[in-house]
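Both complexes below contain chain A, partnered by chain B and then by chain C.
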Partner chain A sequence: MSWTITPDLIPGLARGAAVLGTGGGGDPYIGGLLAAQALRQHGDVTVVPLRDVPDDAVVLTVAMMGAPTVMVEKLPSLDEVVAPVHALEASLGRAVTHIACAEVGGVNSTIPIAAAAALGLPLIDGDGMGRAFPELQMVLPTLYGINASPLAFSDEKGNVGVLNTIDNSWTERIARVACVEMGCSVMISGFAMSGSQAREALVGDSLSLCSEIGEGIAAAREAKADPVADTVRLLGGREFFAGKVVDVQRATTTGFARGRARVEGADTTLELLFQNEHLVAEVDGNPVVTTPDLIIVLEHDSGEPITTEGLRYGQRVRVIAAPSDERWHSAQALAMVGPGYFGYDTPSHRFDGSVDAVEPSDEAAA
Partner chain B sequence: MHIGIDVGGTNTDAVLMDDTRTLAAVKHATTPDVTTGIVQAIGDLRAGHHFDGSEITAVMIGTTHFINALVQAKRLAPTAALRLGLPATQALPPLVDWPAELVEAISARSYLAHGGYEFDGRPISPLDPEELRAHAADMRANGIRSVAISSVFSPVNHDLEVEAARIVAEELGPDVAISLSHEIGRIGLLERENATIINAALRELASEIVDGLTAAVRKQGIEAPIFLSQNDGTLMDEEYVRLYPVATFASGPTNSMRGAAMTSGLDTCAVVDIGGTTSDVGLLINGFPRETSNEVKVAGIRTNFRMPDVLSIGIGGGSIVNLETAEVGPESVGYRLMTEALVFGGSTLTATDVAVAAGRADIGDASKVAHLDPEFVERVLSRIADRVAEAVDRMRTSPEPIPVVAVGGGSVLLSDELPLFGSVHRPENFAVANAIGASIAQVGGEIDKVYAIEPGRREAAIAEVRAEAVDKAIAAGASPGSVSIVDFDEIPIPYLPGNATRIRVKAVGDLDMAVVR
Partner chain C sequence: MSWTITPDLIPGLARGAAVLGTGGGGDPYIGGLLAAQALRQHGDVTVVPLRDVPDDAVVLTVAMMGAPTVMVEKLPSLDEVVAPVHALEASLGRAVTHIACAEVGGVNSTIPIAAAAALGLPLIDGDGMGRAFPELQMVLPTLYGINASPLAFSDEKGNVGVLNTIDNSWTERIARVACVEMGCSVMISGFAMSGSQAREALVGDSLSLCSEIGEGIAAAREAKADPVADTVRLLGGREFFAGKVVDVQRATTTGFARGRARVEGADTTLELLFQNEHLVAEVDGNPVVTTPDLIIVLEHDSGEPITTEGLRYGQRVRVIAAPSDERWHSAQALAMVGPGYFGYDTPSHRFDGSVDAVEPSDEAAA
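And now, the complex of A and B:
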């Protein structure tokens, strides 16, 4: 069943996106406002389930690339949100029929809504990850051999570039340099897919899930029920830790906000290691869950998601582990997004504490 | 001698101070017009402890006038919001997320123009004077009397805001007030811009209020300078208030916290202000309230004011107590305490009744609560102590022990010993802590910018920023020898190259009376 995104659904969607953003993806406020404005200006957006996308559809992902910190100051224009899509239509020689989210998490759940509204196109109820990751190539379509390029990027000045690269890692490298030069906040579009490719490579129902999580947290608060328990149920995960943030350390290395946070529970201590997103959770020194599964930090009572930038001493938090899409656990996928890729010396631990049998080869992890 | 006055929504408190000693203290109901209440308060102080007008060196006033005007959407000037940043930012024009009734109350007009900077100071686009003149003409045609100018990344470089102000002023003349965003807020365009628009809408009222306060004080034969409290507890002079009325918004809680600190002699402590319905917990670090790092909504508008971080829990003197669970609040009988509480012959068990039963307070008829089981009374009080202790623990920034100071009429509810924190400090004159807080004479300067720090240059860069903050405090009236850095924060920004770092520094010093006079 397709459904419709109206401006009143945006706050819930944005909150759900911050939950699935596992600490990264930036403040959902601006992205939410942008989507709500675009909906008011251009009309509501139809969301199509993956199974209803026709084989011959032309699907593009739309996302923001850059620093969320810049985006709160240099606000976007709608023009730069649609420009890369138009550039790719010209490059591909075909009209785009559907927009999709590359990641569901933070602002990149709501920016495609704004793009779909402005372009008058339907949005696919799905995304390329089922969560958030920091680099452009870290999407399931990469595993299916779908090229990020041609990838278009644009700034608010009207500069538009189209990249044709040899693989998705090169796309990330070149686009990142252009992004900084263009003011560190650009809109990108790429991963051109047919409908049948999209059905195979994307994670389904992720926007519905965002909305359900966000609305669920609000409803539970209203009913004086437990918003965290509701989120755990929707994600099929488990709450594995509750406590107080007692220390947060941050440093910027190689362009990412790396850091660690210590949370003290009743008898044990949790260490969260993050790089924009939460990537490893250790209890008393032992990893209990790692990327690619989801580590989500919620405010103890309100269930409000807390970004890694928003973590500070004294917060009472509850921490959820939730399963990621099964395909993230293949050897090839773990080489791309497992703990090893981010420099953590531990095998991947699933949300339930089990260790992934497949290890990424040393060569792939390097 | 100097005078501290706090004009609250309900009460106007005033104190006559000799340095840090309270010579006289009075409490009055706040009057609808500013002048009468102030004239009365000063008159009563004089009756309490005679002084000559010439003996007063300064009058410090904390007021809720401005925040109330915004909340009630009254007495606001027709205001234009002009943003420099085209072609960026078009999707979210100024006033985008404002409540409709406030947009109407300020007859708001919104304009976008070219200008603004990138994060690293490169221009987005050059200023277009003709475009600005056309906007100004439209403002004049629409009866705009106050203008808020914001520019993308103006905390990094504010030149274009200043230049645009010059051009707009040329067109509109000296009677139209202009507020610039870089002087008001920090990084975060929408929030900074919102604060600037609020400030602009209050500029006319600010002149009116300052004139009224000045007239009231002069009427009492006092020629000393008049200062108003800012959100962070530092002072601003009359001229500054006319320019930045928005800086007074949170002075109420700030003054009560600072007053609590001064009367208790502690400059780093947690302050628990227990009223009728809530307990407000704040943190003082080096004599100043810790500010919230989150966005603050005022009258439904998202801002990033410098506001004290206050945690409110539903425990106060009027809180209703559950006879079975011994749980307190959040429901409260509020202003009906004098009729509904058991000790006043009512039928509702309130926290005040429990305090009387425990012998902690002597209000109303103690025999009306004699039937309460002492064990139950003990359970209620320890529940209150537990929850207040938890709130304080939530607020503190490190596991280091911190003293706790209790003020406010409801502070009798709090036992003398708190879990985790030990004994509670109870200063004298806690009822007028607000006015005492207002009377503390310090001024400050703050810098908040994004810097690209080159390798090996970190120390030098930080030293530069600190010096800039000190200069700002001196410009605000601090005596140079007394200025010190009270707050420093360094946050690396992800994805940006060249170690882009956001640095916030606050410097504060004693008010230099010789300079202000």
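And now, the complex of A and C:
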């Protein structure tokens, strides 16, 4: 059933999106500001479940690309948010009928709300990942052969580009260097697909889930209950670590926020390795959960999600492992988003501690 | 009067273009191969003087962008050459009527011949600089307010992009990083202009001049006459140095071939500083001629032009200084292409040894 995003739903939705964003996808507060402003200016946004999207719909994803460290300081204007959609409509020669989220994340779940409001279009209850990943080809539509291009990008100065590339990795490569040159954050739109393609390739109901998680954390806090337990239950995951952040190393390089954080528990130590998102969690040097499954860091008492760029010395945190969409565990998907792709020498560890048998290494592929 | 480029004219034209290319613009032999192949495949190309271009013509420049060091190893296919023109036609919603050269240079005077042949369009007898410069905004049309964008770029793999930027420097910045990511050489097309704009903003008759210079060098060699004297006369320049190349330093960085070469004369030493093109010539440490005037290096006996990537230890060379189009000496133009822009701490020295009084420095602009 369709539902409506009103300004009062934004804080919960953005909070839940930051939970599923696994540290990436940008600051939920910042992203929420833009969405709330757009709703007040242009009216509420209708959210359509995947099953209700017509077969012949023209669906575009809208997202912010860049380092979250920069995004939080460079919130786009509504003009910048809609510019790539208009550029793509001109390039496609067709009017867009639905907006979709490419990923779930503090900014990348709320920017599409702003875009849908400003464009007067419905937003699909779903996204391309069910979580956040750092590179643009890392969406389930890529696995279904859906082209990222034509892909449009725009900056706050008014520069716009449209790419038509031979595959989604080349879209990422060219858009990424343009993004870095344009100031490390741009608005993008692409992955044009029909309604039937969207139903097959997207993760359904993710905006509903974000809202439920985000409202649940606030309600538990209000009721003086444990704000983390409900999130763990909704995600079907497990809380596997609690402790204090004692070290954070972070650098914004080649357009990403890369780094690691050390968290000291009662008698073990957790190391979080991230590139925009948390990708590997090691306890006492042994990987316990890795990409593509979700590693979620929450503030100990409030249950508020902490993004990778928000990690600070002294924070007391609880860490959750949760399953990703099962499609991320195919051999083809693991080659694209498994630990090996990011340079970590470990097989994929699922949230429950099991290890994916299949991960094509460079050696196996050769 | 219109004239026709036939395959037998290509070697002379490419040689002359390499002379005016002041060391940049790519290898004339390589560029000539592609043009000759296109003419044989698609027929001869009509060259139209600027005065005969209709006011309402739709003119596009076509060029190769990148480091000449890479261009010589990665000659584009005809498909790649025409891809950005087709992308721009789609973006502009209009059919192109005339092709123009953005600059004069071994590759960038011959690639547009190939494009015109493959597209079945006339080529304008003129170009955007009257020489070669390393960055795409460095054309006289920029001084006339003509936008580089929409600008299309394409690579040999089939990737294509179209940029719409706020000014021509941003076109350069974004296209350059894309170019580097795509392998340090791409085909570009842009600077859409009307016939009346082309007449105002381009340098006229430059293809005719290239042909005359190139044929003159070959004829003089044939007649055992001095092959350099005729070039000096045609350019209204002067030969200011002769000697032997004793040192060449060259690096391909940030998409350019940058470096310096030392030439030892009878009792003085010449230092050539280049970035794709020769930009500063110093004799015994003192600048004697700089960008925007032309610094041309010819092989001592044959008069063959030597590109910056063709410079080798032991070559005996003669070096010519020649005037650029006078419009390059305005204050606005010098801010864009004068020695200061390239990081050389010297005012512009004209070919005859006089110094441009006006050159806005960073201090003056601040």
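The definition used in the following text is that the second predicted complex is superposed on the first by the 346 of 366 C-alpha atoms of A that agree within 3 Å, B and C clash if a C-alpha of one lies under 4 Å from a C-alpha of the other, contacts with A are read in each partner's own complex, and residues count from 1 in each chain.
Basically, a contact is a pair of C-beta atoms (placed from the backbone, for glycine too) under 8 Å apart; a residue touches a chain by one contact, two chains touch by 3 or more.
All values derive from a computational prediction rather than experimental measurement.
Peer 1: So, does A:234 touch the first partner chain B, the second partner chain C, both, or neither?
Peer 2: neither
Peer 1: Quick one: is A:313 in contact with chain B, with chain C, with both, or with neither? Answer first, second, both or neither.
Peer 2: So A:313 only meets chain B here.
Peer 1: Just chain B (first), just chain C (second), both, or neither: which does A:184 touch?
Peer 2: first
Peer 1: Does chain C touch more residues of chain A than chain B does, or is it the other way round?
Peer 2: Touching more of chain A: B.
Peer 1: Output check: A:157 vs chain B and chain C. Expected answer is one of first, second, both, neither. What do you get?
Peer 2: both
Peer 1: With the two complexes superposed on chain A, say which partner A:33 touches: chain B (first), chain C (second), both, or neither.
Peer 2: In the superposition, A:33 contacts chain B only.
Peer 1: Output check: A:174 vs chain B and chain C. Expected answer is one of first, second, both, neither. What do you get?
Peer 2: A:174 contacts chain C only, not chain B.
Peer 1: Let me test your reading of the model: by the given contact rule, A:143 touches which partner, first (chain B), second (chain C), both or neither?
Peer 2: neither
Peer 1: Share the list of chain A residues that count as touching for chain B in one structure and for chain C in the other.
Peer 2: Overlap of chain B and chain C footprints on chain A: residues 157-158, 180.
Peer 1: Which of the residues in chain C end up touching chain A in this complex?
Peer 2: Where chain C meets chain A, its residues are 87, 90-91, 157-166, 170, 173-174, 176-178, 180-182.
Peer 1: Going by the contact rule set out above, which residues of chain A touch chain B in the complex?
Peer 2: Those in contact with chain B are residues 29-30, 33-34, 37-38, 66-70, 72-79, 81, 114, 156-158, 180, 183-184, 244, 246, 250-252, 255-257, 276, 310, 312-316.
Peer 1: For chain B, which residues count as touching chain A in their complex?
Peer 2: 85, 87-92, 96-97, 116, 118-119, 122, 124-125, 152-153, 187-190, 293-295, 302, 393-399, 450, 491-497, 499-502
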